[in-house]
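You will see subunit A twice below: alongside subunit B first, and alongside subunit C after that.
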Partner chain A sequence: MNPALTQRQLNLLLGALLLLAAGLSLLTGSEAIPLLQALRESLAERPGVAGLILTELRLPRTAVALIAGASLGLCGALMQSLLRNPLASPGLIGSANGAALGAVVCLYFGLAGAAAFILPLGGMLGALLATFTVYLLAGRDSGSLTLILAGVAVNAFTLALVSLLLNLAPSPYAVQEIALWMLGSLANLSRNELWLLLPGSLLGWLLAWRQGRALDLLGLGEETALSMGVDLTNLRRRLFLAVALAVGSAVAVTGAIGFIGLVVPHLLRPLVGHQPSRLLLPSALGGALLLICADIAVRLLPAQTEIKVGVLTALIGAPFFVWLIVRNRGRSL
Partner chain B sequence: MTRNPAQPAPITGRLITVLLLWCLLGVAASAERPQRVVSINLCGDQLLLMLADPEQVASVSNLAVEPLSSFVAEQAERFPMNHARAEELIALRPDLVLATAHDSPRLLSTLETLGYRVERLPPADDLPGIVASIRRVAGLLDQDERGETMIRRLRRRLHDSDQTPLAARPTALFYQPRGYTSGRHTLQDQALRLAGWRNLAAEQGIEGYAPVDMEHLLRWQPQQLFTSIYDGSGDSLAERQLLHPALRRLTTGRPLQPVPYRYWICPGPMLADAVALLREARSRLPAAPEPNQ
Partner chain C sequence: MLNAEGLCFYRGDQVILDEVDLELGRGEMLGLIGPNGAGKSTLLRLLAGVLTPDAGSISLDGRPIESLTRRERARRIAYLPQLNQIAWPLSVERLVELGRLPHLEPWQHPGPDDRAIIERVIVQTDLLALRQRPFDTLSGGEQARVLLARALVTEPDILLADEPVAALDPAHQLDVMDLLSDHCDAGKSVIVVLHDLTLSAHYCDRLQLLLDGATLAEGLPEEVLDEDNLADAYAIELSEPEENALAPFSLPWRRLRRSD
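This part shows the complex of A and B:
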């Protein structure tokens, strides 16, 4: 444990940074709007332009970035602790791409038009299916290599299916949306999408609530955990479901945004003394912080069409991943 | 067996002369009025079927029979269909191939190398361009009279007695799936202006067909939004973007007005129908809208 920073201080610091970033996100956009006037306007009966931009564009966008980022960070920490493997992030073990596949099936083939909740539901099912497949392929307590290989196989397969389905979809616009599902984007989100995202995410977080102690014990080995009274089957079932709910609804709305679930828990692990239970909340806060910052950056980049936010998280995440490999070369991850 | 070798020669010679003359006459006739015209592009298909005698048409492209894209879908059913592949085009033995600048340059140069006559229709994004296109195709088909009739009718239909000064006209903007709009030098811009709207995208300096940021769009405050979904049969994120609540609140609850996509694919007389639709939308606009800010 880092003596310079207690758990409480770390959470407070991340929380404060998150608030700051969220505030900045509300101020960032292609139009400069005076925040005070916008706030006043948004309370008026017929909001002006500034109010409209604030409440209908930037607020939903910031909120979605916050919730989706928190889900990705938290789920990365959960899966890494549960599978006792530092590479088990939503992106690597297939849940993100699985969710994209589920969402694509529902959106482009008329199912999501029937009822709004079907879209996130499809994402959740896809995430669950993909994660479970990787888990079955790699086996419990597998080494990094097996897990990565299983993840690569499942990711490649789901991505191929996403691409195939978008090519076959009846809508002429579907083909152009492949990049969006693979890289993720937060552009032009509305509160409609926020409502789609919220229930699954909250349920997922709730399921992960108070599971930290069991994860700590699991970190000491399965036997130890069992002897200390941890119901492992139940724990696995519960956390798989939590990840599917949270990642599934996030990806159904934003597309598969990579690297957040991998990078954030890794960065924070040394700061919480490598203790899984202490990693969960900071990972959620850190994930939200990273995604909001990335989303601010894509809005500031000068480009005719907005850069996808997943491009930026990958640009940050991939070098980090390389650094991780180099640092751990020679010893097992 | 005796045969006078000199005897058949004059006959053959005369025959050749006759044949040559016949060929020359034939070539001259085809230069006047092509009899096997093949169009490999929807824009050529439409003007061809509207202007030519049915006997002149040898084949139209596969898009011509798509009712969502084509204004001549029903007529086009009667003619052989091509997919702009070199082999099938050669098999059609065309004396004129109608193409556009968008068609594969390799295909067109292959056809030209083989001696086929290929005419490229220039793109057009305004009324003078459309008139020139009609005149060009009519001239190529030796149907100038029909061309001029079509142009006169188009001009008559587009005539606007409305004398509202520009500043007093209502503002509009095309917002397409994926957030694209039509700025200057687009058929949409021409149609909006002919229908008595101000196209805010053009006024804000957008050139051609380009993405527009939703925040900009809200700032510009168009009184009416138009959209052209290519094919409403499927669901997609691009189309869902049109349901953004901010758009509806911007136009105080009036939904985006759909205008079929096929008006904007090719320059032609269908511009008059598009303008009629836009004029009708203008007449339905609530009178004297108060500015939003």
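This part shows the complex of A and C:
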């Protein structure tokens, strides 16, 4: 059973679709702007309205969707391969909820208003702290199951702390601000958020660079991987940090956007012959593609209030996931 | 070529291995035998670098094993664990190919030489017809052959196999043992954990009998498999062949009857 697409063809196809979606995303919004005119204006010394909408609103929004989506897809593939479990999500080791807690703390204590970079920074810090706790709890030489259990425990605790802060929030307005932030949205992003998102994401991607082979070997079992020269402790440490940085900075900027990191690698895995090393790049491209498409969809939906993109991904992602499970029922995943 | 001295391994305050020595020569097939829980698998894991001994030393060609990098060690010693823990249903071909990774840099793809080795091993292990099949659709015997092929393409100087014939039918048991034997004929060495004393007697150049984490006996199969050792290690004794239609299938041993 040869896959119908070669690895290169799959990546090219996903890349082309991604470019197309990014282009569409630049054209989508409440104001119709002629792209050529906007482009010309944005290059001018004093850009007009169309130029400003393009460079100050749509471009950052699309870029953030691309980077955050890529991080979620990539980290989903990394986590599933590292934990040898197709149900692992990038948030499993605490990164997403940690980031949410960090951001909510900033919102709760009113720090977020002081400067634009405080909120994402708090989120990053939360993600690193939560992931580090999971790592410490699981211990150095533990198996995947211990890691998953430690992740579940830390996630539950961070969520409880978020709930506590919501519970104690001084005003209904604060509650609403926190709750809305947690839904996950790409609206109202500026270039500042893009600059805040970039370093953590790039560093995370860099750490994951060329770890595919080790993940392939890990797929043979932890003992076999060790005997084949994989430094498991180092691999785990490295990928934990990668996920904490990439997912942490994504969630800190966009709020919680679920299911992309879970569904995208799952969907693409059969297309790459189930090999972890071949899954990484397609998952990053696919994650970016899916998040951009979801973000176009929320802008096109005729609703009084814009539906948050995190709500949409969960709304579509969960039933889709159920469909995957039903389809594969009885077969090993 | 491979030497271990005074290997100890503890789990909590439980002693798994206590001062075990081991010696393996070039071209030799050494059988590790002993009852369940004797420490055979643990000894193999220590030699494979999966576990670190609490005391004792391992050396390869006179060099302490710690002086080798992880990759050097992985190129020279391959380990075939007892349990198949394959997480993803890779195709047979891709799974076997992973055995070449210790020889490749992280950015390198298998070259013509690697391809030739992979092809040779696929033919050797009789996997040609199965090469595109996903691993999880194979039978137990086929899976065992694939996992052995994965270890063989590494072309290790030493192959450590933990019960490679468990749960295989007689013909496949012979297939696997023959492959291990071929590996030794090529001037490489094998340490194999076996429960089947008959197979171990026929295929191994030397046997090492473990009991309660220590070596009870070591030497040629006929020396190790003597009456006293069988009684002490397994509480069995050799039986007389039965005289009926099933005579060719008589069990060579029976439970020890302590009449005295």
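In this text, the second predicted complex is superposed on the first by the 257 of 333 C-alpha atoms of A that agree within 3 Å, B and C clash if a C-alpha of one lies under 4 Å from a C-alpha of the other, contacts with A are read in each partner's own complex, and residues count from 1 in each chain.
The rule is simple: contacts are C-beta pairs under 8 Å (C-beta built on N, C-alpha and C of every residue); 3 or more make two chains touch, one makes a residue touch a chain.
Just so you know, these numbers come straight off a predicted model, no measurement behind them.
By the touch criterion defined above, A:W205 reaches neither subunit B nor subunit C. By the document's definition of touching, of the two partners only subunit C reaches A:E222; subunit B does not. Contacts of A:R213 after superposition: subunit C is touched, whereas subunit B is not reached.
Applying the stated contact rule after C-alpha superposition, one finds that A:D231 touches subunit C and leaves subunit B untouched. Shared-chain residue A:F321: touches no atom of subunit B or subunit C. Once the two complexes are overlaid on chain A, none of the subunit A residues touched by subunit B in the first is touched by subunit C in the second.
Across the complex, subunit A meets subunit B through its residues 29-31, 46-49, 52-53, 56-57, 107-110, 112-113, 169-174, 176-177, 180, 188, 190-192, 304-306. Residue ranges on subunit A touching subunit C, taken from their complex, read 1-2, 84-85, 210, 213, 216-224, 226-231, 269, 273-276, 332.
For subunit B in complex with subunit A, the residues that touch the partner chain are 177-179, 210-211, 213-216, 218-219, 221, 230-231, 233-239, 241, 243-246, 249-250, 292-293.
Residues 45, 48-50, 69-71, 73-75, 77-79, 81, 83-91, 94-95, 98-99, 101-102, 104, 106-107, 132-134, 136, 150, 154, 160 of subunit C are the ones that touch subunit A when the two sit in their complex.
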